[in-house]
Amino acid sequence: MGRAKELLKNKNAVTLIALAAAYAVVAWMLYSGHITRQFTNMIIPMSMYIVLAVSLNLVVGFLGELNLGHAGFMSVGLFTGCLLSISLADKLPLIARLPLCMLVGGICAGLFGFAVGMPALRLKGDYLAIVTLACGEIVKNIITNLNVTGGARGLNTQPIYSGAKALLPYAVVLVFLTVIVMMHIKKSKQGRAIMAIRDNRIAAESIGLNVTYYKLTVFIIAAFFAGAAGALYGHYFANVKAVTFDYNMSIEILVIVVLGGMGSVRGSVIAAVVLQALPEIFRDFGDYRMLIYAVVLILAMLLTNSPRLAPLRQKLSSVRLGKAKETGGENHGTA
Amino acid sequence: MAPLENSRATAKLVPQQRTWYVPERDADKPPILECIGLGVNFGGLSAVKDFDLTLGPTEIAGLIGPNGAGKTTVFNLLTKVYEPTHGTILFDGKDTHNMTTAGISHAGMARTFQNIRLFANMTVEQNITVAMDREIKYSLLSGIVHGPGWKRKEKEAHDKAMDFLSIFNMEQYAGARAGSLPYGAQRRLEILRALSTKPKLLLLDEPAAGMNPSETAELTENIRLIRDRFEIAVLLIEHDMNLVMNLCEGICVLNFGEVIAKGSPEDIQQDPAVIEAYLGRKEA
Amino acid sequence: MIEFIKTLISGLGLGSIYALIALGYTMVYGIAKMLNFAHGDVIMVGAYAGIVAFTSAGLPPVFTVFLSVLVCTLLGVTIEHFAYKPLRGASSLSVLITAIGMSYLLQNLALMIFGSQQKAYPQYVKLGQVSLGAVTVDGITLLTLGVTACIMVGMSLFINRTKLGKAMRAVAEDRGAAELMGISVDRTIALTFAIGSALAAVASMCYGLTYVYIKPTTGAMPGIKAFTAAVFGGIGSLPGAMLGGIALGVIEQMAKTYISPLWADAIVFAVLVLVLVVRPTGLLGKEIQEKV
């Protein structure tokens, strides 16, 4: 009993247990067939968005740098990973091929993250944001124009296509890996250094932190996970086009991170699920669904962030007494 | 002494005539800090000029002067937040001109800031442990997988942090968000954060600002205790003359970026140039 | 040589459109300290307003332009009032996300009302081809250039010579101090949005007359490019936005003509990255030294 209570006090443990339970239910439904087609189609994309949001949170929430090119990282991993996978399709079974391709995709994306991180050392705020956006667009443009990636028609991933049932175990492993790594980093000396750079760069330098090293590390790790997610995601389609992974997608991931709470791993997971589910929930509204999504997004931001509504929020939170809400640092950002 | 315009080229230094004295107990030891002809120009305006200073390894010294005299600028030059345009800084016998701000910290100089710069969204304990970055040794991989050593080293860091916090009786705040602390406590935490980098020289920028007389008296005592316990040098900027005169063994007075007086508290109090800088010239 | 001049002129035309949009971005950034991501979509609304006014309602060209400006101005002020004003003082990221939400909202509203099919912008100004010596260029391009030049001169005069312009510069410099000097920050910011959106309406006219076809997502790419241009020139700086916009347009056209239309975007963005790495605050942006 005592141990269980102790475990419940540990926020990270609660998050992991809840996540595991959710995946257990999903897996049972998927493999036993108690599931609609619509829901099946959501499982893999939702898992990918969890990975993307949690890894982007490392850059935006922990390091405090605005990154508008996260989809570009994913794209690099997707195309390198899938090209490798296609070339190995006849030689290796999925169980060996997919992890290998995810690793390779992750590493390639990590290298790209390093390249994007370099200017990040000199640039601040919006200037960095625009450079990350530009890098994402450059990647999109390059991949669209290369023959090896199928050009504008997209890469034919028919040979390596796998359905949700085949991909779920890998997706679950990747999600857990990402979530656990982020949780661990937060509680390590590296995580402290990263957050210190976010809170006050000058003070961070004055206590001897190597800002260059930590910033690059963050960009590389975030890109690695986005790339690994991309490599997996590519296997879910029969054809992938680079234009899908443009700045709009990067923004979509950023929205998840901000709504989930800066620096909160759990928040990113929840927001990824909710925001991916919203358009599906509103499917009955037909054409109105994206409209409703937009309105919900604006209202959510106004309700949670408007200084004018602060008294109202306080009232609400005192009603939900005891429900500790994780809030990260929010007084840093694009300015 | 003439300003060293092209000091970058003169790597070898000749012994300078000491224009500053150190406490008797430090007389035979090499100085921890020597500034020779230090200066900086901002867009043609010279903010600090011909700044000379020698500091003994266990000395507590004060840097005073009217607002805008360039005191904080001296700190920024010492810690390489600004790059000096003239002169040389010898810290612990080493020329610092190729060092970065982080490198200065590694060499053993730590500072606090006039406008408090804590890591406001981190806990009080994290503010201390993050400053032990170089002392807590485990790899990035170990930090990611929480491998062997991680737990032990984090425990060590925690114990050390609590030890540091006990200097100012702040253990009960360990889990609080640093930004939520009262002003005085934030100032104290900043001193502890600087201390936990294991410095040889501690630079304090207005440590008593915003404190009441009893808090200031306590702080005075604590700074002395810190010096005795860690055997380090302290250079502080302060407007509270009580604290400065009580605590400092040597004092350097700046006005308009130039040193106008140096000496013991007694000398400074008598110095006509200092009196003029603070009170203005008496009209004849 | 003739091809080069032609490319240069069409680049200037495209750059003018970017510059007009970039002005809106940079003014709002300088004064309200926020990235108005929905600004690009205001152009799309302006273009649809033009289509409705001319094609559906049959208004004469002058009224069409006037109506389009009016709609955009009102839209800009309304968005500011309901979506951004309540967030004044909140973190800049939350404002950014709200602006993104607003962008989605405008696009989807347009999608509902006008459908996903592209619509033709009425060509109410017909100038045909104009010959300048050996070079033949589109009359519309010259019109765009002329209009933009006039607006730029007008804006410079407004910002530097009028009382309202002075108030805007004061708010941009220090909001708190401006307020203490009796300047209404709220009204100044509203005015900034009004002007920025009116310029977007003008841009929508130039865009529509040049590129003809309008879709609900029409504003997105020019919006992003113009935002890039504003940063390129140094965000917050009006001359920077003009210079950045023109430079971006010319680079894009040159890349299209001399390298490959397929690689034009990559080249534009690569130049941007290089410039920012060399000059971290853009071409004309001021470097702000943090006070320690």
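A, B and C are the chain letters, set down in written order, and residue numbers restart from 1 in every chain.
Definition applied: a residue touches a chain if its C-beta (ideal position, glycine included) is under 8 Å from a C-beta of that chain, and two chains touch if they have at least 3 such contacts.
Keep in mind it's a predicted model, so treat the numbers as computed, not measured.
Asks: Please identify which chain has its centre, taken as the mean of its CA atoms, farthest from the centre of subunit B.
Replies: So the chain farthest away from subunit B turns out to be C.
Asks: Which chain pair racks up the highest number of C-beta contacts?
Replies: Ranked by contacting C-beta pairs, first place goes to A-C.
Asks: Express in whole angstrom the distance between the two chain centres, defined as the mean CA positions of subunit A and subunit B.
Replies: Chain centres of subunit A and subunit B, defined by C-alpha means, are spaced 42 Å apart.
Asks: How big is the gap, in whole Å, between where the Cα atoms of subunit A centre and where those of subunit C centre?
Replies: Once rounded, the distance between the two centres reads 31 Å.
Asks: Can you check how far apart subunit B and subunit C are, centre to centre, with Cα atoms defining each centre and the answer in Å?
Replies: 49
Asks: Name the residues of subunit A that each touch 2 or more other chains.
Replies: Within subunit A, residues 202, 331 contact more than one other chain.
Asks: Got the subunit B residues that touch at least 2 other chains?
Replies: In subunit B, residues 81, 113 touch at least two other chains, as defined above.
Asks: Quick check: what residues of subunit C touch more than one other chain, meaning two or more?
Replies: Subunit C, residues with two or more chain partners: 292.
Asks: Could you list, by residue number, the parts of subunit A that touch subunit C in their complex?
Replies: Subunit A residues touching subunit C: 60, 66, 119, 122-124, 126-127, 130-131, 133-135, 137-138, 141-142, 144-145, 202, 247-248, 251, 254-255, 258-259, 262, 287-288, 290-291, 293-295, 297-298, 301-302, 304-309, 330-335.
Asks: Where on subunit C does subunit A make contact in their complex?
Replies: Where subunit C meets subunit A, its residues are 29, 33, 35, 83, 86-94, 96-98, 100-102, 104-105, 108-109, 111-112, 220, 224, 227-228, 231, 235, 260, 262-263, 265-266, 269-270, 272-273, 276-277, 280-282, 290, 292.
Asks: So in the complex, which bits of subunit B are touching subunit A?
Replies: Subunit B residues touching subunit A: 79, 81, 100-106, 110-111, 113, 117-122, 126, 129-134, 136, 138, 140, 142-146, 150, 154, 157, 193-194, 197.
Asks: For subunit B, which residues count as touching subunit C in their complex?
Replies: 72, 76, 81, 113, 115
Asks: What does subunit C use to touch subunit B in their complex?
Replies: 291-292
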